[in-house]
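Chain lettering (A, B, C and D) follows the sequence in which the chains are written, and residue indices restart at 1 in each chain.
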């Protein structure tokens, strides 16, 4: 009997990148652990809790090959959270890791990456293993102890040879 | 020997109001204590400390005739903090008291009310007595104990007869 | 029609004093505002919330004639919270204002001052006006804004002439 | 070339145990990860920061075989922090994991286990691997993210066969 296959993390759909000289793809990041954190700049829980946690993670795992990626998943107040406002937000909140603007389309007020991952809202986070599978996805902010343990376990896993 | 006259609070210069059915003026509020709090929606210290304190003041002094007025004093990232974004911000952060957009003009990136009060930045606050004089002005967030004491003392003062 | 008389604060019953060269009595303090705070050194809510608030009050009202008095009202774990342990506690927590050990007797595990004020538990606080009346008594920790306002109002009241 | 040997954690020297039906020894715990946390019940940093973190660790790692052990390392105010007071402290602060009273002797005001580990003060913590070696020792409280990561890594290590 085999364990059920864990799902491969869907690729990001992005209209604009910040804090990176060139676009990132999950496919190109295969072999590294990736932490996605979805937020909206006017989401009080994101600003008060999730963004500060991401900054603590940036510091705590600075010596590892963890790749942190923010996704600005605007699903409400679209006019209020444009890339212009996001750029100033990232400047003021000193978020250092790359941030992607989730791609909007005509099908839904919910942007494409958010639909692919079926995020329930913001903040949400996804931990992706070295082999590209979704190790954990959660809505809301988890305790630092649990988050630290989970990231460390993912980092400790050797890359699956192929 | 007379005490030196305290300065009369300069009038607000406002391009748009939120959370009030009609514009407010300090002149019309003469006889009430007024707390002005100047903020920018992308100012981390405002969002983390000043806005929550204003909400605690709204609750603690709900049974008094204190008038709280927010002033959105945009002096940087002007394109990022438009009234459209402010409207969504006020909705998300559930600020109940009236908020004025400080009037921008061609003379300076600093808006008019901010210049009149010579605010050093955001957050700033001004406590105005029943007779319209500036009782206290500060840059940054003060301790709740001190703020509570100062507002209570202002409220306890009878209106000066004229 | 007259307002109902507010109760005069019962006198303290004390077996030992700390942080004061000589014993204090409420009678001798008539004319000043007094803040009593009842605590136990092993009460988690006292240590985490009430004691830090008292220290903030010590700082915020240092320039006034407010008299702060702690009362160590041991009503449980009596052997665990002796004056020897209290002395070390006050040293470690750097409480500067006078602290009284509430007088124990044979009638009850609840000490005498605690019975006189009918405290429901710890932390409790009592604000006493210049004329010796109980202005406010509460169980638990109140918001700093409310506490600051209440103390300021009591301090603003002129002493009743007699 | 071999890695330098990590030191084997010194055995605990204990005069009294709480929260365990029988005494524990590190030797008998070989094969499990052990987190020692040294504290004093009148140490403000222990009460405000270290004990709450231990309680979060108790919850976060409840499903693992991590063994948490508190050590009450009294090196000052000896009369004030007797086992009688410790028992009440553990009751009030609801610490669930086993706690040892560090053995006092005539040689020093510093108890025996504290000397063996050369703790610099309280709070201190020691993480011991499945093979009994000291993986990490620190003075003060570390960030939850780092602590969570370190414990998870220790738990992930298979027991060394012997």
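FYI, a contact is a pair of C-beta atoms (placed from the backbone, for glycine too) under 8 Å apart; a residue touches a chain by one contact, two chains touch by 3 or more.
Computed from a predicted structure; not experimentally measured.
Between chain A and chain C, the least number of touch steps comes to 2.
Over half of the residue numbers at the interface between copies chain C and chain D are found on both sides, making the touching surfaces mostly the same. Centre-to-centre separation between chain B and chain D, using Cα means, comes to 51 Å. One inter-chain figure worth recording: chain A and chain D are separated by 36 Å, centre to centre, where each centre is the mean of the chain's CA atoms. Counting partner chains per residue, chain C has no residue touching two or more of them. Taken as a graph of touching chains, this assembly forms a single closed ring in which every chain touches exactly two others.
Against chain D, in their complex, chain C makes its touches with residues 42-44, 47-48, 77, 79-81, 84-85, 87-89, 91-93. If you check the complex, the residues on chain C that touch chain B are 56-57, 60-61, 143-153, 156.
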